[in-house]
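There are two complexes below, and they share chain A, which is joined by chain B in the first and by chain C in the second.
Moving on to the complex of A and B:
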């Protein structure tokens, strides 16, 4: 029994439970369903807490690109047992992390009708990235998109102080 | 960054989130707060799913005592990175699992005023035990009690068919 399975099962239950509470609620004025905000917030706090457990040399990553590489490698391996498959940047504070087979989307059959469902499973990891970056000293906006399951992209925009 | 930390952080967030939804709700006629039932149910399903990942020889544990020993050792190590410290039985279907330093209670300072709080953190593991036993072929009732933090006891009553 791998520990990663435990995290994935617990995450699945958490998503299901929040959707039970909140099945048909309207989007907030910002356009996001409350459950997604709740999941994103939980991811943020878990990311922050994980960040505080990072080796001290990681906390000294003051270059944006180094911090992003750290997330793609160390954070992803710690949480998902794999690295992010690709990292691109426009060198102006925007980064795109490409995961060709994102573990939280793997249980979902492929097909267009599941793409809306996918949003539920991407809110927590968006928060996880934002929280870890926060502990590393960077404010960011993180969004996710799916073109073809189980691949997905996370877009990170670093907010300048 | 150990994977166990990830599970513990996620569990903490889940408890906090459910309490936010349900801070002052009245107990159900059964005497349990709805949030506790929700957490127990999530634990049950995670335990069931973990049970299905067990090696096949574990699923062949048809003796109650063997199944309980399996939970005390293999399940506990997989989820909490430690074994249960003691197992007692009356040889009539009731088992008491004693954990002298239960990981989900460790972050809580000791003190009588926290014992009520502790119930929140024991509902999920009660469900976890019940769900794993279910996959192993045993129906059970599982309750938990705390005498002195961070020690706790889980009482398992196997239901005869």
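Moving on to the complex of A and C:
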């Protein structure tokens, strides 16, 4: 079944449509934010639901680092058919996930041409990560940055209770 | 972890669920943004149309369907090849009129509504899976087969089955019925 294709097409359409139709958007820089947070919020809901479908042994992970490693390998493979390429941490609650070839950015030209546009395609995955972490018992803040497509980084900051 | 992650069967299900869950989140968001069911339905159809115009390329690349000589063959291909490929189900096809340009796809099971038990309160006219109608319409239009596609029956609205009606709009000569290679 060509499931990942359906998701990718749907996601692309969502980015295009939700961006355009935001009724409160205004030309100031702050005006862009509402649509990003809508996409992120949707990703969060889906991430929470996916988190509940993860194998039971995943739900028993108590250590932050184990949970992040699990997301980098198992969640990423389940959702994007590949693992995250690198994980770094300062051992103080901040983690950086490096993906050198992020599937949702692959359809766009590589390099710097679509750097600004890329942010729209990373909002949903940020929410996905945040939602899955939430189900695993961790509250977090997730942001993403793009240096040169299709590589991107996700910054995860675990919030202490 | 000793077992390769990609081989675990749970991940196959997660991959399938990803689309269905994302779609559910999208519908929920649209219900927040639009008060009227008709507006949500229209929006879903429009998004589906956009997806369909691109999905058809993917479909043709994967399926290598041969030339079709009738609307009824096309309806069969949609049900038996496309639905099977993307949603894992095979709707039954029925022809609704003697001029053979109106068809129905009858779905016993609808994977897109797998996690939906009933429509939200106050949303009784919502066509939850209207994206599907848009997708079919967009895909057909890209192969020069304009059609009207709507839900005729919907399990979520209390009907016994979910039925999608396809009405092909232009009468074509026999030799013009073909799908692009």
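We take it that the second predicted complex is superposed on the first by the 149 of 161 C-alpha atoms of A that agree within 3 Å, B and C clash if a C-alpha of one lies under 4 Å from a C-alpha of the other, contacts with A are read in each partner's own complex, and residues count from 1 in each chain.
Here is the rule we go by: a contact is a pair of C-beta atoms (placed from the backbone, for glycine too) under 8 Å apart; a residue touches a chain by one contact, two chains touch by 3 or more.
A quick note: this is a predicted structure, and the numbers were derived from the prediction, not measured.
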item	value
Which superposed partner A:74 touches (first chain B, second chain C, both, neither)	both
Which superposed partner A:83 touches (first chain B, second chain C, both, neither)	second
Touching partner for A:97 - first (chain B), second (chain C), both, neither	neither
Chain C versus chain B, contacts on chain A by residue	C
Where chain A meets both chain C and chain B, residue numbers	1, 3-7, 9-11, 13-14, 17-18, 21, 38, 42, 45-46, 49-50, 53-54, 74-75, 78-79
Interfacial residue positions of chain B with respect to chain A in the complex	1, 3-7, 9-11, 13-14, 17-18, 21, 38, 42, 45-46, 49-50, 53-54, 74-75, 78-79
Of all residues in chain C, those that touch chain A in their complex	1, 5-6, 8, 10-11, 13-19, 21-23, 25-26, 28-29, 33, 43, 46-47, 50-51, 54-55, 58, 62, 85-88, 115, 131
Residue ranges of chain A touching chain C (in the complex, touch as defined)	1-7, 9-11, 13-14, 16-18, 21, 38, 41-43, 45-46, 49-50, 53-55, 73-75, 77-79, 81, 83, 124
